[in-house]
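This report concerns only the one structure given below.
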Amino acid sequence: MINDKNSQKIVDIIQNFARQHSIWVLAYGTGCGAIEIPPTMTSRYDAERLGVRGAATPRQADVLLITGYLTTKTLKRVIRVYEQMQDPKYVIGFGSCTINGGMYWDSYNTIKALDRYMPVDVYINGCMPRPESVLSGFAKLQELIQAGKADGAKKYKENLEWYRTNQKKVIPNWHMPEYNW
Amino acid sequence: MKEILYYTWGAIVSFVVAFSVGITYMGLNRKITARVQNRYGPPWYQNFIDVIKLSSKKTSIHHGVMQHMGPAFIMVTSVVSLLVIPILNGNKFFPNLNFQGDLIFLLYIMVFGPLGMALGAGQTGNPNSAIGVTRGLSQMAGFEIPWVMALVALMIQYKTTSIVDLMNVQVESGRWLMFSSPFAFLAAVMAMLGMFRYAPFDIVGAPQELASGPMSENGGKYLFVMMSAGSVFAFAKLTLYVDIFMGGADNLIILVVKTFALYLIPMLYGITSPRYRTEQSVRWFWGWPSFFGLLAILQAALF
Amino acid sequence: MREKATTLYIGPQHPGITGNMMVRVKVEGDTIVKATTEVGYLHRAFEKLIEKRNWLQSFTLLCRFCVPEPDPVEESYARAVEEIEGREVPERAKYIRVMVLELARMASYMLWYGGQAGSLGLYTVGQWSVGDRNYILDLFEELTGGRVYHMYIWPGGVRRDMPEGFEEKVLKTMNYLEKRLDDYDDLMFENSIFQKRTKGIGIIDKAKAIEWGVVGPPLRGCGIKHDVRIDDPYEVYDKLDFIVPTHEGGDIWSRAQVRRQEIRQSIRIIRQVIDKMPGGEFYNKVPNPQKWTLPKGDAYARTEAVRGEVGMYVSSDGGTHPRRAHFRGAAYVHGITLLENLLVGENLADISAIMNSLGTCPPEIER
Amino acid sequence: MEEIKKAAIEKITTHFREVTAEQHNGNRVDFFIGKEEIPAILFYLKDEMGYNHLSHIACVDWLEEKEFEIVYIVWSYTDKIKIFVHTRVDRENPVMDNVDMIWRQANTYEREMKEMYGIEFTGLEAPEEFLLEDWEGPPPMRRDFDTEAYAREKYWERPGREDARDVRETIIERTGEELPDFAKKYKR
């Protein structure tokens, strides 16, 4: 009965609802965007209304919020953190500098487009994005989860070769465990 | 045969009740905390959603057998202690496994979970987990002393080691034990602050110090089991307090009211307190709470 | 018998760290025996990029140097440029600059309240103060157009005049915040657990403090009264009446006390500034920025930020672009050599509290 | 103020021979000295004259003159004077004396200069890497290092920002709106 198609559908609906309304964000301020996270979490904006909550370790988190530019040194850690997270997991690119480099377009130490190195589900533009835009980014992510379209992790697994090639191009000294889940 | 079925049914029902009430309390905690902090806060059923989500997460970490056993130990502890604790007066709807000496049994079984967790956390290899477990065990050494003293005082005073007997004493005399042995109640409530691990005693999983302590490597389904076990255990502990000190409850509504009133103590204290360091916490428990425990024993022995 | 030492990595992904950096600590039991800071996770090569921008374009980069309080960096750079060129700043602009700097100081202290209380597990104060900080950010938004990054102070004055009725709004916010500060005190400074956790922890040696390069609230927390605003007065600070608070002890508690009194002094300064605000021009216009050249020379301008002295060394070769702009943040000293010194012998549980009390801000170390 | 500045200049010029002094407006005095004398003058400033706060150490690359300029800025809390000590190092073979025994925090500045400019400090005890990790190019803050070319070669860039247009023009093109009058003034 549990393998029946219809009951699987019901399970999917319940699970998607739960995933949609319980978003645990990894507490990792990778860039200057981290300064707008406290206002987003506190009164006036209060993201906890939407079920958004901080998680202390990658094992417990659902969303990796890349708050701004990534230097190559951080990129290595971010990839490691992302691979430690458990499915289903999502990535939100936060700020213009994750989209096209922003004002760091000619910097020798920051990557210019996040989605070459990691699968991004939602981008929030602006430098820096206001808490309202952060909330709308979360709302967009919820929409995508509900529609079952937030499949960044699946994309990452399918195109692991491609992502690895790109990552290894900017990280010269690559010694990381294999990604196998 | 019929009796066994009856007991099984009772066990399942009490588990479901404990689970939902416990999770609701956690949700209310978040809501009330948010209101104190000038926020709107999540809905009260937020923790149900969290639990469902955690159970739906895939888990593909493997650190060894003991890591799987850790959450299981906690769950076993919660369920067993729930089964031993009578939920309502007179065992009308929730027949539980009460026997003479169950207070002593409870004292031991309540330590079993953290020990199991220690084994599990040790195997994950995360230094934060190891440190968190050490802290948890030291803190337990702190609050176990006033807690045991309070219980021993009751055992001496009423010459029984059965919870049901203690409940009957209160029903017959019409006087709650929190009034007839106030020092035992004080010591026990202060020990309860430590058992709930809210601030200022949230040193085990202090995020700023240890990420999340013993749970660092446990996400998804492990965390689901731990959260459920935690909420069941919270309800079991509150029920135990209500049973021993507040005259038990005749029906579920009274039980919920009484347990929630008790639950407000650690919660509100937690919202307005920073966190102790480990040795400060242990010293706190060996201070006033143990003193009250001693007074309770004296009271029981002398009067 | 010595216990076996374990190495712990606090960061870069760790809720207790103040930003994206790492402290590698060696612990025996709960006591730290060695601490090493590792930075570089936020290195964006700002100073290289500024060499490629012209004098005005650099301001978009400058405010990203230290995110919690960007204005002192702009102020330092603007004053260094003015010193090289010899450009006069109108009196009104000076007063507006002081107001902006003090508002920024307040906003940053509100964030510090959150960090310091949060590092000890008292989240309620953090939630209150970070929520109330939005009122200051609203003022910034009306004045400059940006919540966090302002790019408001620039060479020759400020970018815009104050909008109509802005003074009243500032005063209203100040009155509100003054009331709220008492609430924070009740919950934070009156709390016995908070006192137990902060007194006698992370002590800076008073005799060594100046030599180690300690500046700002940590220095004043040792009982040494040094503040760039009175030692080396800039803008109109010499015309204003305010106290530089100090506190004996050199531990987290005294640093917190200094900050607690300083935020009240900021309110006092803002009230005076609004009271004395002169009329007239707010901007001494610079020529076409694409062709604007500065004479050959160099300058070093210092500003008192919440973390201490921040300075900017600017060197010009007579062209349209800076030859070199080198930033000195307080965390450059506090976050590396001082922190490594302070952590030795402390409890593992206090790392986060000590870092917050020093105001360690990794982006200003790495730039 | 002027007297203190004069006294400081006199003290330094009598004590050190190969030094030129320069007075500036405000509370600033500049000294230019050979690189061998740097530890001596800094020791003297700190121990004899009370300039015990090391405010800053900056490095400027004068590519055309084939030299690095290193500026030490010290501040005295009693005199309230900032003293700039300038020195020049050969760009081809940059070797400097380590001064972190005078001020411990100089260690950090020297680590950064070593990494960013490739200046060797004799006897500097510090980890190899400071800000960069596994860096393969030349020291990045040198002026002959072209960051734009390096970035274009190493990182993939999203197409669409080559022409560096005003964002309003893009919006107008997309939606067909009119550019408002006040905006036309600032049109590129």
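Some notes on this structure:
For reference, chains read A, B, C and D in written order, and residue numbers begin at 1 within each chain.
Going forward, a contact is a pair of C-beta atoms (placed from the backbone, for glycine too) under 8 Å apart; a residue touches a chain by one contact, two chains touch by 3 or more.
Quantities reported herein were computed from a predicted structural model and do not represent experimental measurements.
Between the interfaces A-C and A-D, more contacting C-beta pairs are found at A-C. Averaging Cα coordinates per chain places chain A and chain C 30 Å apart.
Mean C-alpha position of chain A lies 37 Å from that of chain D. Chain centres here are Cα means. That of chain C falls 21 Å from that of chain D. Look at where the CA atoms of chain B average out and do the same for chain C: the two points lie 44 Å apart. Multi-chain contact residues of chain D, defined as those touching 2 or more other chains: 132-133, 140, 145, 147-148. With touch defined as above, residues shared between interfaces to two or more other chains in chain A number as follows: 27, 42-43, 56-58, 73, 106-110. Residue positions of chain B touching 2 or more other chains: 37-39, 207, 211. All chain pairs that count as touching, in label order, are A-B, A-C, A-D, B-C, C-D. Note for the complex: chain D touches chain A at residues 132-134, 136-137, 140, 145, 147-148, 150-152, 154-158, 160-161. Residues of chain D that touch chain C in their complex: 26-28, 52-56, 58-62, 69, 71, 73, 75, 77, 80, 82, 84, 103-105, 107-109, 127, 129-133, 140-141, 143, 145, 147-148. Chain C meets chain D in the complex at residues 36, 39-40, 43, 45, 47-49, 51-52, 83, 210-213, 215, 226, 231-232, 298, 300, 302, 309, 311, 313, 315, 317, 323-324, 326, 328, 332-333, 336-338, 366.
Across the complex, chain A meets chain B through its residues 14-15, 17-19, 21-22, 27, 42-43, 46, 48-49, 51, 53, 55-62, 85-88, 181. Looking at the complex, you find that chain B touches chain C at residues 33, 36-39, 127-128, 131, 199-200, 202-203, 206-209, 211, 271-278, 280.
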